């Protein structure tokens, strides 16, 4: 059992293992997102208040979920890297960061687009959008800090510490932004905190969320593989691999 | 209390490059260990590992036969490390600088002790000048005054002769010899030819593997 | 205090841990305050920056006292926050350059505590003066009476949190030659809660509602950051010095 995990935690072992795993997640992501998009956009009923514009929820909510989950995943990877010195964890965190920033951006963009029919403006200082914007800055900070170090190992450690500090702060930021928002705009309704959605509306949403998570795992596996190759390019097994492939 | 710092199968990798591997070292009371090697061969890294600053290495280090990580606090209380930078604040006078070091060593200390330490490194008359107005060599001497001020058995010195003039070099050599004869030990790097009549081990870094020669 | 002068062979082993930690903390704070006192420019700069930014707003927006009064709490807080941010970069930089930071890491005392001593000095020489100066600028922005005490209190409390959290960023970037802008990027998102409760306290005081909740939350933020941040600062300092 332990030997299996040990092998998995080594870049070489993970590289072989993930090669078998990642196609399944890519396939799952394609099927789920495809089904979710068709169902959500074509068959789910229109919202009685917002009409068809509510359908952007099928992109916005999964993206927002992922944006937060990826940061937590990066923090966990950072913890594993700092405590047990497993370099694979840091490689995974490196691979995840751009996707997380991208998802945050998608959530922001879809929120802004949603704002046009809902509020009549491209941007509203809505509590969720505001904390999403701050999360976006946190992502940029982590990516920039990693890049700012000359030594890769120091950059990895610094990014890990910052991610862990950030993940402790995310709930505090969320809570304080919500408090701020209710103090200033008690009347406006928030785009996603709405009462009971009928089944035919939230089921496609659930499928989309699952699809996005599969997509996240698939992208992480694939990107981690390329980070492994890049970092271990001096190692013999990578050279042999390159030799085999031509 | 016999002093013994041992390193077994020490290896350090930085950003995918091995600085050294399979390095076995031992320093006992009354010995000087000189770390040699070209620039960028990992001399400073090795000194930082041996002084417990860097934890990112493979192999094991023992201080008085106990793993270094476990007796780290105890080890630090026996160590005096001088790095590349002298560790002297420019805005403070040499006396004030030394007072901080005394406090960090756990003793309040007296002004007389600080004065005599400064006198031994030839800084009499400079004790009340901000260190920023002293020359690089004089600032280095302020740092060297710590060798007198806070007696510690193990000295780890990274290029201690930098910016020191000829008499200063002779003084420092004499001080190293006296320290070693008194039962202390020294690990150092230097490009200087050393003239110290005590047993000296050498470690040569570079070539990806440390070579030990006596 | 006194200890027989150590002969070369009886090496000083340090004193009881608690006594030696207190001694080292005091000595470090004394040393940093002394160094600042010799070069008061740095502390003065952030005060001048604070005043300057506040001067820009009436010029950029409007000299209308009523308008200024409504935005004054936020302006004062944002400007103070930026002034505190500006001085962060220097928190460890001198020590890094002259090698005393390396020596601090080698001391037998726990590094999180020693780092906290430096944070305390930073707050004493930036956060606290900014808080004390804020009422003067408040007058210039026609801040309504009755909110001045809360302004000072919220700034004093909040800027302590800013110093503690900011020290993490300062420690992470101290080894980078161009750490300044990056430092703002790392630290500003983390400052949002402090800004919300700090400016909120002043606004509540103006509105005549209770400020207790705001101040209590500011205190809670400080307590939480005092528990977690020192470890992060220590870890970051080790990364910056030793990779």
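For clarity, chains are labelled A, B and C in written order, and residue numbers in each chain start from 1.
Here, contacts are C-beta pairs under 8 Å (C-beta built on N, C-alpha and C of every residue); 3 or more make two chains touch, one makes a residue touch a chain.
Chain by chain, the UniProt names read as follows: A = Heme exporter protein C; B = Cytochrome c biogenesis heme-transporting ATPase CcmA; C = Heme exporter protein B.
Computed from a predicted model, the values in this text were never measured in an experiment.
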Chain pair that, of all pairs, has the most C-beta pairs in contact: B-C
Chain ID, smallest distance between chain and overall C-alpha centroids: C
Centroid distance [mean C-alpha coordinates] between chain B and chain A, Å: 48
Distance between the centres, which are taken as Cα means, of chain C and chain A, whole angstrom: 33
Separation of mean Cα positions, chain C and chain B [Å, integer]: 34
Junction residues of chain B, two or more chains touched: 14, 56
Junction residues of chain C - those touching two or more other chains: 243
Multi-partner residues of chain A (at least 2 other chains): 151, 153
Touching residues (chain side chain A, partner chain C) in the complex: 82, 134-135, 137-138, 140-141, 144-145, 148-149, 151, 153-154, 157-158, 161-162, 164-166, 168-169, 172-173, 175-177, 179-180, 183
Chain A residues within the chain B interface of the complex: 85, 151-153, 231-232, 234
Residues on chain C engaged by chain B in the complex (per definition of touch): 1-3, 5-15, 19-20, 23-24, 26-28, 31, 34-35, 38-39, 94-95, 97-100, 102-109, 241-243
Residue ranges of chain B touching chain A (in the complex, touch as defined): 14-17, 56
Parts of chain C lying in touch with chain A, wherever the complex brings them together: 168, 172-173, 175-176, 178-179, 182, 185-186, 188-190, 192-193, 196-197, 200, 217, 221, 224, 228-229, 232, 235-236, 239-240, 243
